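Below you'll find the structures, each written out as structure tokens.
One chain, chain A, appears in both complexes that follow, with chain B as partner in the first and chain C in the second.
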Partner chain A sequence: MSALRRALLVARRDLAAERRQPDGLVAALTFTVTLIFVESLAVGPGEARRPAIAAALFWIALLFAAILGATRSFERELEDDAIDAIVALEGGRDALFAGKALALAASLAVVALVGGLLSLVLLDLDVALPLHLALALALGVVALPPVVVLDTLLALRLRARALLVPILALPVLVPQLIAATQGTAAALAGDAGASLGWSGLLVAFALVYGVLGLTIVPAAIE
Partner chain B sequence: MIETAIRPTRDRSRALRARPWLGAASLAASAVALGMALVWAPPDAVQGDVQRVMYVHVPSAWLAYLAFVVVFLASAAWLWTKAPWTDALAVASAEIGVLFTGLALVLGSIWAKPTWGVWWTWEPRLITTAAMFVMYVGYLLTRGLSTDFERRATRAAVLGIVFVVDVPIVHLSVLWMNSLHQLPTVLRAGGGPAMDDRMLLTLVVSVVAGTLVYAWLLLERTALELARQARILEARR
Partner chain C sequence: MEPSAALRAATVVLDDRAILRGVDLDIVPGLTVVRGANGAGKTTLLRALAGLAPLARGTRTASESPILVSHRTALLRALTPRENLAFFVAWRALPPARVDGALARWGLASLADRPLERLSAGQRRRAALARLDAEDAGIALLDEPFSELDDAAATLVRSAIERWTLERRAVVVATHGHPELDAHAVLVVRVAGGSVRPG
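After this line comes the complex of A and B, so read on.
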């Protein structure tokens, strides 16, 4: 079985488990919606309508939703010791990292879609460049999982993992957060060149941490 | 395997025995650098005496880079060889790197207040440096929360490799983005150093003195960590 098929198998299994018991997805969705709502109230609806603020509120919410989703996904593996079986398989460690990252990206795409639509409606945002916005959203979502999954894996067997994962992931995700926020804001405001430039940075970020994760992840999984 | 790796080899013992000499050399070099920075180097034509902060700020930033690159190399060596001295080297360098990153941030802030009018501003070099500081605090925190020696070393090694990506980002951020921070003055792409000769020499001496201090602290902390590892080994028997 090829490495890609193994990774897809893990991702399909993760998504199937999520379909049967969608507590991780529901928690991430609820959290994102609540955070966007509360953040918009805190800065004031007038202020939150500015493209840069609306984009920042959305991506901060999605970033925490990614951490929440990854933590829940791995907790499920720990509850029935399934992770030990996957790790014991040939190529299982790589498949676990890649599969979890793919599944998280798929879940986050749903959360981003719902959260994005909610932001558009609640904040009455105008979208100047819909295709650029879709590209920035898609690349921003793809750039998140490699770092979040890697850090969740590292903190998995530690009691303080709920504390540790955000501490480890957030500083690394600073370039992703800035690029995704600026790319989204530029697409909302109608600056095509800036939006594409920031999207390029998101591609580079996803590639660097995706390759890095696949290279060293066998050593990280216990 | 752990027993063999922890036991000091002749080469490692020789390196560790050099500590008093290195300590003396680094203190002497620091005294010379301090004298040059405070007395010999001229004040900046625009900034005046506050510019002298540069003679500690720049070496601190350089040593932070160096320390985290050493963490990366030691981490890769741990994953490759599983030799405990590589883990001792990694934690020693990470702690010193956090110290120098914190020093660079604080000194930069002290310089920024009279020069820029603010203690802190949201510009790329400052943000990426602060992120690097938090990353390596997280690295040390992860080490502290792990109890098993080999798992802790492996976790830390992976983080040491992932986090080093931030070092070139910090350094090149002033070139990639619009930045209020000073652009490279010594290693410039378009020509030689853009500063007075006495200032340049003082800066070079300060960097050399700082590097000696780093090497001394590294050996001292590595020796402490090796002693700690030996105690763990004793407890296992």
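After this line comes the complex of A and C, so read on.
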């Protein structure tokens, strides 16, 4: 069986578990909606409508939602050592990383859609380049999961993982956060060149951390 | 005879303590019984054979990915027995129909679509054991397979072990009870003081 098919199997299994126990997705959605709402109140409606601020509010919320979603997904795996059954399989470790990243990207896409619509309505945003905005959002959603899943996997067997995952992940995610925020802000403001440039950077981040995860994870998981 | 799985000079260190030291063990088709006191390292030996315990020294070989069924089911509680087993059957590119056959064999046909979290501990254990039939496992590692099971399920396990060994699969059972198994075993070993010796 190909590595891609194995990763898709893991992703499908993860999404089936999420559908049955949607607490991870519900928590991420609630958190994102609340954070966007509270942040926009904190900076004031006029300030929050500025493209750079609106994009930053959105991506900060999504970043924490990604950490929440990944943490819940791996908690499910640890409940009955379900993760061991995959790790023991030939090619299981690679598939675990890639499959979890794919599943998290799918969940995050739902959160981004809801959070994005909420931001548009709540902040009454003008979108100058809708297609560029969609591209920046899609690539941002793809760029975050490899880092978050990698950090969660590395901290998996530690008791303090709930504390350590954000501490490990947030500094590493700063470049992705900047690229996603700038790409989104440029699309809102109508700067097509800048939006595409930052979106290209998001592709690079997704590839680099995807390859890094596939290299590190097989040796790092016990 | 070519071993189905083997450890060579294997040392496993957990929490700065050597649980296994320089273990050499060949697992061949048939029944291998692993005995030892509580905490002697039986579970660690099985996890080492499954590739789940990191070896500080030595090597592990296996002709295929072994399936370990231990105190915990290694299945997702959010999913049903059918969904859990279907994942592994698809992984090994086996016909999906094997899932229903395996669940029926372990008395779970009527519970196949109920999430594991709503099953009893014994039923969850049976779902984990059904994996071995669904995947046609060549190497089965069973850690205290009779715990949490009622008499009927324990009889199912005994007959499954007999069937698997007749099918020339390698079956390793770690237990401190059930001396009747020794009579059917090709090898009985004892784990003590980090070593594994015939016993």
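We take it that the second predicted complex is superposed on the first by the 222 of 222 C-alpha atoms of A that agree within 3 Å, B and C clash if a C-alpha of one lies under 4 Å from a C-alpha of the other, contacts with A are read in each partner's own complex, and residues count from 1 in each chain.
The criterion applied here is as follows: a residue touches a chain if its C-beta (ideal position, glycine included) is under 8 Å from a C-beta of that chain, and two chains touch if they have at least 3 such contacts.
Note that the coordinates shown come from a computational prediction; the quantities given were computed from them, not determined experimentally.
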Chain B versus chain C as contact partner of A:A16, first or second or both or neither: second
Which of chain B and chain C A:G190 touches, first, second, both or neither: neither
First (chain B), second (chain C), both or neither touched by A:E79: second
Contacts of A:L89 with chain B and chain C, given as first, second, both or neither: second
Partner chain in contact with A:L154 - chain B first, chain C second, else both or neither: first
Which of chain B and chain C A:V208 touches, first, second, both or neither: first
Which of chain B and chain C A:L164 touches, first, second, both or neither: first
Contact residues common to both interfaces of chain A (with chain B and with chain C): 222
Residue numbers on chain C that touch chain A, as the complex places them: 50-54, 64-68, 70, 72-79, 83, 87-88, 90-91, 93, 115-116, 124, 131
Complex contact set, residues of chain B against chain A: 79, 127-128, 131-132, 134-135, 137-138, 141-142, 145-146, 151, 154-155, 157-159, 161-163, 165-166, 169
Chain B-facing residues of chain A, complex: 147, 150, 154-155, 157-160, 164, 167-168, 170-172, 174-175, 208-209, 212, 216, 219-220, 222
Chain C-facing residues of chain A, complex: 1, 6, 9, 13, 16-18, 20-21, 76-77, 79-82, 84-85, 87-90, 92, 222
